[in-house]
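All chains are identified by letter, namely A, B, C, D, E and F, in their written order; residue positions are counted from 1 within each chain.
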């Protein structure tokens, strides 16, 4: 049940504890992919997961602005601070729990949100009013995950499948010209870079040509399946906190 | 230019200082109207305003969860605290200003956000990095404003025009049955109620039948025009702070 | 019972749940009226209300500094941030509730405090330890409310009645010379100004000559009566929060 | 110049950098002395200091609620948290500095505020916009300071001089009966008590009979003189921060 | 039982409610004494106290950075803000209380931490999950306390006993040359200085030559004894909060 | 130069911009390894790195309490909240930067601190007063990193080399009996567990017998070398923030 479209009486009549909250980011994704890429992806995967699972699931609207200061040198990138992002997501989830939707998967489309969402999930869960875990789609596509990048093969493929009009195919060549091979600037197992502009000319990491529409379809299938299995597990899990070790 | 769809190179090439940020709420709107009503309205009015003005305007994605704890007795209502909402909106606006979009109108669809957005606008403006004012669409429709309510004639009319599929016409009778005449529980010029459930049975204030599709079209026209005039004024205004009185 | 003058043993022996907390501001009120105008008003109205009601009411000391950054271009204006003001008032009220004075009317003398006090009242009330509502005197004087302004007819009249020595009658002509007709700088139903110096030369809004001493007496009577009725209602109201709608 | 009574034009014409901010508390002072004792004292001493010094000094309204949770077992005691108190005082002082009154003495009437005010003064001073120091009257009355107590000889004496009507002489016997000899419950140089009710039956520390009206007059004279000397020093002091030691 | 060295199974088997938390500072102590002086002292005294008392006591690791901005003109001085220090100490203590070590003495080695630790102890104790009091060693050495200073006789003596290699005896003459006689710059019972560099040339207060190794041994004995008595009292004390006075 | 042992005059004479800040945790490490394991490791690696690099490096004292609530079911585990930890580390690092030590490596011994330290490094670096990166030793030991666990082969090996007395060899069998194979409880690429007690009986992950003293020596060598290379890179890096992409 999509909360944007449902009425409160619909929600009242919906018997479930499960909810998904898509979380994205509005940030540069190279010259060929839209700023809204991570929102599109989070929504698409959330919907696919809900569709694949045989349970009622409440679906919240996508949170569109995340932790993306690392892309601030690229025009149009929006962001909020880590503290504010954590508070906004946590309180939004807690408001769902108030209505009994207290087993929540936060479906994430942006790498910069990962750490913060894990912290949020922990705080919600330890607080005791709800159980919440983050799920980041591109970590859940099997071996493909290794090719993630940024505006690279995976995201471009997913867009080609879900929102093809938003991919500027005529700029793919430009995108390839300035792309970086990997995320960050590493030395001694440490990323020395804090801003993506330190290691990519045009904001792209990975070759966007490598991910075609069919690949995008497969990615969505893989991520949707993984999410469906996760929802099933979250619904069944004993989420009480362990006893003190004596 | 819609930031969700644009690439960073598109944004780079866009010469303007003007931006609009739609802000809504995901909250009960009676048995006949969707929880996402305020988001739909904020987006529609923002788009209408941008269309009516003869200047380039950057359009941010809508912020979907606002200050709506007052509706928490109605299932599905989402909310964040006032503090978190203010921080989220302010920082999102400041990230736009970072790119030079530093004259911002926050287009609001929800009464519960009004005070907070005024505070946010003041803090941004006094901080000096940007000028921002909130614009609440239902305050900007001339004499219609008096009929506002909640899920009442104005919002239902606007939905009938912008998103007719989301209005449950078959439940209009139910909506009328439990509606309140006015917002709040007043005595001595003071609203004694803090929760809408203190004065409305089904979450509706005002008669939703009173607002037909044509009315909705007119409302959007009125609000869009008002917003366009505001954008024009914001673009031209001397926004420097006054000198100290000597 | 005035808490400033009472001993703790007096308070112990006082059987009531009702309290009033006057809240003002120390800020410019034109060349003719003192910076303390809003404190004087809040105290006078609080006392009038307590006098008019046939119940025991505890009266806290007036909080003298409020949200007045909008007047900072005028020398002598003091202010704190919105966050700090909310915390200070809320915690002060909660300390009263600790002693059983848990039905509280916050008697306000300053327009800039209105939104914040409503938020404070909501948070206190939803928190469950007390019920609190703000009452702003100049909203509670019937048709006079329309003439409010700033340092204008209403406030000057009230001062002429309550604290005539503080009105500089010899500067009334100056006050009229630089006064604005209305509060703010409006366009498209939006106030474009954040600082009063954007629309008033000398800090005055409305004509201070229009409010004589007799008018002040009437205003105090009206506001005191309204407050007394409010206190009565607050004492009797069922302040439990509504049930969840099922 | 008393800011409550002055107009902004008066303040504009006042040429000084010096300001005093009285800070009190509304808290139990035994069965014989009013809850407002610390406010009365802070105001009286501030006024005496301003009178004794041969410079123009701006005088802010007294802040009436301080850090007094330690007295919460005694009805009527009001308090705010340490954090909120620090913010409120600091921001109020900073608003004075905004107008050029950037050498400030915070005149304190309450022991519970001492540590917080020192911290506030440090933060203001290191921030660089103003210089502020707290002055606690009962630490500045020579050998009398040793007899301080609470609602004891010093405070009762001062009240007998400044506000005799507020001393319940008929309850002095009661006050003596339940008073403690010293503040706190000490062992190994450590105060084990956090609440005054842990060591005083009726809230009194020290014998209130010991301080007569003449003593009160002397105390006010001593404190006023000390404050005047302090104001002189604050006006003349080089308040720039020291250089880094090289 | 030293928590650094113990395993969780050791802690599980330890039956006590008592804990000590040493708190120091890393800050200048003159040209002759190490920046870690306050940590060394806090640890030594904590260990001595634990040794002298006939009860099991859990000993936390020392917190090494405190409130020391006042020494920031001297290279190498580290500090955190008062807010952060309070939070860090409070939460660390609360984590001990989570395991049942809910009677805690915070053993402090630094004057700048005193006020903050008292506030922390109050908040923990009133919160109800634990009882905590700060103990500052140099306030607990009888008449010696009067000679405290900074890097002066007491601290130098203690170091000569506990960590003689850390005292640069060859620079004692330098230390004496630039030392101040007293802490602060006082006028009218008010310390006008906020930074130690305002009153001491080389960071030293008091004559470091005055405290020899034997004196250090005595100081440790005195402080350790005092702490042991305090631990005994803390273990036995009724720490329930007093009843409301009726 | 170790700040605990150095005097401020030593620090003044030290010409470098480089600093290391060891950060650990006091938390369960199974029945055989001490709660202080992560502090021991962070200190040992920091010292090894400083030794291996041919530059002057300032070494701060180790921060002993970190983000370890996930181990709270095991007695003796200490922790602070993520917010407090971030503030404490950030402000401590900023105090070093105040003295010119503005290229900082935070040497971390605890997995639970990793995300927070990355955030802290980003905030410090973007703030512009310093450049800081975290370095987590067990991520920097080549292929060994894969065997990390908790109280498992790597940590036990390092302890056997650095602090052999702290390893309870007689309990290794117990440690093996209850250990988990991997960290967390994973499904669909998501860790469903928030507390280590959800997946390990005795707090151990990985087989502690697998890491002997020689392995520990090698680990320290590897980590020390990696840290030395990192320090070299940090000293030489252009840490200015990138230009806005035009």
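Here are some notes:
As a convention for this text, contacts are C-beta pairs under 8 Å (C-beta built on N, C-alpha and C of every residue); 3 or more make two chains touch, one makes a residue touch a chain.
Predicted model, so just to flag it, every value in this text is computed and none were measured.
Within the contact network of the assembly, the step distance from subunit B to subunit E comes to 2. The chains that touch subunit B as well as subunit C are A, D.
For the touching copies subunit A and subunit F, the fraction of interface residue numbers used by both exceeds half; the interface is of the same-residue type. Spacing of subunit B relative to subunit D, judged by their CA centroids, is 48 angstrom. In terms of their C-alpha centroids, the spacing between subunit C and subunit F amounts to 55 Å.
Subunit A and subunit B, compared by their mean Cα positions, are separated by 26 Å.
For subunit D, the set of residues that touch two or more other chains comprises 8, 12, 69, 74-75, 83, 203, 245.
This structure has the following touching chain pairs: A-B, A-C, A-E, A-F, B-C, B-D, B-F, C-D, C-E, D-E, D-F, E-F. Taken together, the subunit A residues at the contact with subunit C in this complex read 8, 12.
On subunit E, the positions that touch subunit F within their shared complex are 3-12, 26, 28-36, 39-40, 58, 60-65, 69, 72, 74-81, 83-85, 87-88, 91-92, 95-96, 98-99, 166, 168, 171, 203.
Those residues of subunit A lying in contact with subunit E across their complex are 245-246. Residues 69-70, 73-75, 82-83, 115, 118-119, 121-122, 125-126, 133-136, 139-140, 145, 187-192, 194-195, 197-198, 202-203, 226-227, 229-230, 233-234, 237, 241-245 of subunit C touch subunit B in their complex.
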